[in-house]
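Note that the chains are named A, B, C, D and E in the order they appear, and that numbering of residues resets to 1 at the start of each chain.
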Amino acid sequence: MTLRARIVVERPAFRLDLDLTVGRGEVVTLLGPNGAGKTTALRALAGLTPLTEGSIELDGVRIDREPAERRPVGVVFQDYLLFPHLSALDNVAFGPRCRGRSKAEARLLARELLDRMGLAEFASVRPRRLSGGQAQRVALARALAVEPRLLLLDEPLAALDAHTRLEIRSELRRRLSGFDGATVLVTHDPLDAMVLADRLVVIENGAVVQEGTPTEIARRPRTDYVARLVGLNLYRGEGDGDRVRVGDLAFAAEEHVTGPAFVAFAPRAVALYRARPDGSPRNLWEGRIDGVERHGDNVRVHVEGPVPVAADVTPAAVAELDLTPGRPIWVSVKAAETHAYPA
Amino acid sequence: MPWLLVVPAVLGMAFLVLPLAGLLVRAPWSTLPWRLSEPQVLEALRLSLVTASMATAVCLVLGVPLAWLLARTDFPGRRLLRALVTVPLVLPPVVGGVALLLVLGRRGLIGQWLESAFGFSLPFTTAGVVVAEAFVAMPFLVIAVEGALRAADVRYEEAAATLGASRFTVFRRVTLPLVAPGVLAGAVLCWARALGEFGATITFAGNFPGRTQTMPLAVYLALETEPEAAIVLSLVLLAVSVVILVALRDRWVGAAA
Amino acid sequence: GSSSTESGLTVFAAASLTETFTELGKRFEAAHPGTKVTFNFGSSSTLAQQIVQGAPAGVFAAASPATMKTVADAGLAGTPTVFVQNKLEIAVPPDNPAEVENLKDLTDPRVKVALCAEQVPCGAAAAKALGAAGLTVTPVTLEQDVKATLTKVELGEVDAALVYKTDVIASGGKVTGIPFPEADQAVNDYPIATLKDAPDLARRFVELVLSQQGRDVLTKAGFEAP
Amino acid sequence: MPWLLVVPAVLGMAFLVLPLAGLLVRAPWSTLPWRLSEPQVLEALRLSLVTASMATAVCLVLGVPLAWLLARTDFPGRRLLRALVTVPLVLPPVVGGVALLLVLGRRGLIGQWLESAFGFSLPFTTAGVVVAEAFVAMPFLVIAVEGALRAADVRYEEAAATLGASRFTVFRRVTLPLVAPGVLAGAVLCWARALGEFGATITFAGNFPGRTQTMPLAVYLALETEPEAAIVLSLVLLAVSVVILVALRDRWVGAAA
Amino acid sequence: MTLRARIVVERPAFRLDLDLTVGRGEVVTLLGPNGAGKTTALRALAGLTPLTEGSIELDGVRIDREPAERRPVGVVFQDYLLFPHLSALDNVAFGPRCRGRSKAEARLLARELLDRMGLAEFASVRPRRLSGGQAQRVALARALAVEPRLLLLDEPLAALDAHTRLEIRSELRRRLSGFDGATVLVTHDPLDAMVLADRLVVIENGAVVQEGTPTEIARRPRTDYVARLVGLNLYRGEGDGDRVRVGDLAFAAEEHVTGPAFVAFAPRAVALYRARPDGSPRNLWEGRIDGVERHGDNVRVHVEGPVPVAADVTPAAVAELDLTPGRPIWVSVKAAETHAYPA
């Protein structure tokens, strides 16, 4: 186990209290709404924000008393923070220089790293003249140049346009798989999280609310925030083995759960009908259309009712069903695509 | 055009520039070539430029770290110290000169010791002129640089710290290059003020041609006997400083914070 | 000329006359109930500049005939009268570290001497006195006025200086004055004059200065009668 | 601790503050209560505070638009004008006073006309003191505000324009509130400089107790008669200004520029 | 037709030349890579950047000579640019005040608008204390308060976290459908573009490269940028009726095209095989695996070969086919899901 940390940071009206362990070569992603404390956690790990309580252990050595400049970490900041007055090469060479390498050595190392990032020809360019993606790679090279044992990335893709983002995301994925320290990554983007992380840690309001592999979390969200993030409908109810009761409704699901339980299903598992459909009455209720919006090739319909629900239907269905806001509609959810799990 | 802005702006400009025009009109231009050929005038001009530049250098060496201390650290009494930095602004320069004599003069708190230990005394020397000018001009530098430091993005400094840079390395290799325009602006103010400095200089360093007689001192003495000569000398000083400032171009206020 | 109303008089006087003229002003006011004397003390040359530029003065008392001449040349002053003279003394710190006793001692290169610049009256007088004595002194500084010169002695920055007797007296013991005979050949005249368009009060103030009463006040401060 | 920074910073601080300590040691404290009870001293102090504040107000009214003109518009000769703004910094204050007399004196270019048209003359009046102080102190305000304007985010101004705001409305309702800290910093520098102003004031406005005799002028006269009184007066002036500046707190350099 | 503009802006090393028409109530989205000229176009419309050439006509009246403050436009800036020193209410009232309303009137109008945006309770709050979504709505209210005939939105959702973004996007959609002026919107996000726009205009390098409805563009991209944006594989070749030849390959498609043509297909239309599959040899070639990354629930595989191609496969398939980089692989594309259209 490489990183083992308990991070407590108290601020007026905010308290972050987080246990975090990251193994060698593992990538853990911190996810959470604005103001959840993600940046604060990274800053505490890097030594830029002091801990109120807790400790940070890296490879068994406590580093929480060390100032930032003595911690073996590399940080890639959200907007990179490349030094604007230094060339790409000197940006990368900055760390090794500070850690005692000679100027020539540091530049050699920096040149190698830039080479490996495919940026050899940009070595002498100032950051202002780099594209977002190039800057991202320089920032990563700069962080890696100090040979950190802990790599911290704060929304490293937030500043990119959609197109560059795709490229950089896979690039980053490739780089991270070659890095054998521990990596903690902060992001708002569910796709980034899914693609890059071995494990997700979801924080809300300073505390961990869910933890697990991307697939696990995508399938079994435990809070509204996570559900919305992965695009599922989520309700909390009471399982009685066969079904999960949510208010007046009862959801049949694949799994059998007793006691407090969640039910989750994707918008595409929801079918809409103008009249009450025949057949088994399970997972069926009447609601009222709240809004309709295009969503990729499909159309997403928001339905009010005993519980609010989002449904994805084809444009053809919209025309056929005349899905205009205010109209009453029948909602049914396929039990086979509904997941239930203990709350 | 926003006349409510342009009219007072033009008035303000006129207010600053018209007196200069008054001097220009009144100056006995015909005597200019002759004055400029007087060795004493050139000597005073040279001394002014040299001492003002050296005073600016002293202010940079001491004042930039001081600005850093005031902007980037927190210690009890910081607010009071920051207000004390403006003291040489409020102190009438002649009193400033007296204060310097009390501390650095032959019988001053520190001067006494300098004299007995090194046989070295500041008053009546060119070094004394530099000290007097630096004392009066340093607040400008400190306040301008402190403002720039407060406006600068500390995240670059944090980034440098995570790369292993000590606080001094951060300062030298990151902070300083980033606030360079602010430092330049402060240095210009500082230099201009040092160039025009009169009261503290004459009180602390005295007035001896070629050693401590800067242009403002020459101007003051010329005022006693031939006011028009004084005007010509002032204009020469002004012209030189404006030429130098324009040559430094937009940069100096440019990106200054 | 709003400042020289019937009951008001504005006097422009050299800064070295601050104490004596303030005293005389009080006496003048006492002798002329209802009048108010306002003083503008400054360096003689500044005052002359101000008068030439139209300052509303009734009386001008200068520390040198040259500055008075600037005003007279502009046609602004009546006939000036010399009302006092000021004599030089050697001022040394009370402990007299360089053991200066006479003018000749000032030529010793080990003695740090401050003189006034030749552009100002005390400097002109010093040059005259030294010339009369046939001595050459290399000062460390040529001060812009006599008070600055005196300050240097008071603070011990120089070992000796040539200043006026009045200044030695005014320093209240912080410097010691050493009279020297050559001073008689370099007295500095203080002229006084009423100014153009001045009220009658101005003439009466000049009379007070020139009277025995005025002379007493002035000589007590170390000035000499002309 | 980065000693390479802390050591020069402490030296710089000492350099600025020690002379003050020299004055404090030397001052005849026992006479202080007596001096402070002298009506003339209180009068001079009051006049200093009033004129410095009024001069600052004048500088704000004329200088802020001028800074705006220099920072936000482009016209031929702007660079030269910006360098000319520093003129009163370089000009020895006494010469500045002479220049003001040449323009605004009773026989001056404009003063002549003011006198004949309105029977109004500036020199030797309290208004004259304000003018002299404003002339010397305005460059500080202009340069500080211009720096703040250049550093401010013009996008807010663009946003206001798209909402239909005229350039003056933009200035008044958006620009000015946004650069308020910079304006405040400039005003403090300006006020401090005006408070300490001597040469231009005595030359342009004379030295009349209760009318034009500010503290620095009183200090000058005291130097003529009792040098130690001069020190006490200077210290009173300093103490008052430091108290006022500390009361303005961190704000004034705070987010400035 | 409400807006009819020809916008030419020349800069050293950049020239924007754009024809743009937007009807009453229509929402047109400008899309394009970084530096394409989108912001420049909006700024020119708003009067913040002068035109080098061209003209802007709104409801038949030329406005390109007017200064910004006299144009009947409302702008929502990328980071909102709410005045930090004014309350939400005063921010909204700013425009009406400037356009001559009395203080009371302006505040009344502002209060109404904030009400309609569901922000009544935030009227007196300073922008710094608003969440991103609230700020976005205040910015929109501020722009609408001047009753613009042209609404310009520059990346209005860029500053939001993924969760808020979803909400704000549908909110914005709702607001825009109630606005009867012309709307021009700039975005980097394909989803935003699809959801919000009636018509897309794609700019690259200062010129329009493609224009059309979202569906049209999503189905028939004409440049690599657009293809990547909508997540399709795109090649340019020569149609001979039956097929489209791209280098040595020949793609069979749904449509028949002759002459220069594009072929496009989604990554999920690509199937991978370890050995050459039997059956019809159409749209089939051998390549080499270049990279593998998670992509939502699926895995995206990049394959090098005669043409580079991206394929989406299930995680199960990855294990089964042993899809590790460097391995040779057979690629086949379903003709039924391949679209061909003239270039």
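As a working rule, contacts are C-beta pairs under 8 Å (C-beta built on N, C-alpha and C of every residue); 3 or more make two chains touch, one makes a residue touch a chain.
Keep in mind the model is a prediction, meaning the values are calculated, not measured.
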Query raised in the report: Looking at the contacts, which chains touch chain A and chain C alike?
Result: B
**Report entry** Set of chains whose contacts include both chain D and chain A
**Finding:** B, E
Requested in this report: Based on which chains touch which, give the shortest step count from chain A to chain B.
Outcome: 1
Report summary line: Strictly by count of touching C-beta pairs, the top pair is B-D
Query raised in the report: For chain A and chain E, what's the span in angstrom between their mean Cα positions?
Result: 23
Requested in this report: Let me have the rounded angstrom distance from the C-alpha centre of chain C over to the C-alpha centre of chain E, please.
Outcome: 86
Query raised in the report: With chain centres defined as C-alpha means, what is the inter-centre distance between chain B and chain E in Å?
Result: 55
Requested in this report: Averaging only over C-alpha atoms, locate the centres of chain C and chain D and give their separation in whole Å.
Outcome: 33
Requested in this report: Hunt down the residues of chain D that sit against at least two other chains at once, touch-wise.
Outcome: 94, 98, 102, 108, 166-167, 220, 223, 227
Report task. Spell out, as numbers or ranges, the residues of chain A touching 2 or more other chains. Result -> none
Query - chain C residues counted as touching two or more neighbouring chains - result: 46, 49, 151
Requested in this report: State which pairs of chains touch, listing all of them.
Outcome: A-B, A-E, B-C, B-D, C-D, D-E
Report task. Flag every residue of chain C that touches chain D in the complex, lowest number first. Result -> 3, 15-16, 18-19, 38-42, 46, 49-50, 52-56, 147, 151, 154, 170, 172
Report summary line: Counting only contacts in the complex, chain B reaches chain C at residues 94, 98, 101-102, 105-108, 123-124, 202-203, 205-209, 212-213, 217, 220-225, 227
Requested in this report: Within their complex, state which residues of chain B touch chain D.
Outcome: 1-13, 15-23, 25-26, 61-63, 65-66, 68-69, 79-96, 98-100, 102-104, 108-110, 134-135, 138-140, 142-144, 146-148, 150-151, 166-168, 171, 182, 185, 188-189, 192-193, 195-196, 198-199, 216, 219-220, 223, 227, 230-231, 234, 237-238, 241-242, 245-246, 249-250, 253-257
Report summary line: So, in the complex, the side of chain C touching chain B is made of residues 43, 45-46, 49, 66, 112, 114, 117, 119-120, 139-144, 148, 151-152, 155-157
Report summary line: The residues of chain A that touch chain E in their complex are 33-34, 131-132, 161-164, 166, 169-170, 173-174, 188-191, 194-195, 214-215, 218, 225, 228-229, 291, 293-297, 302
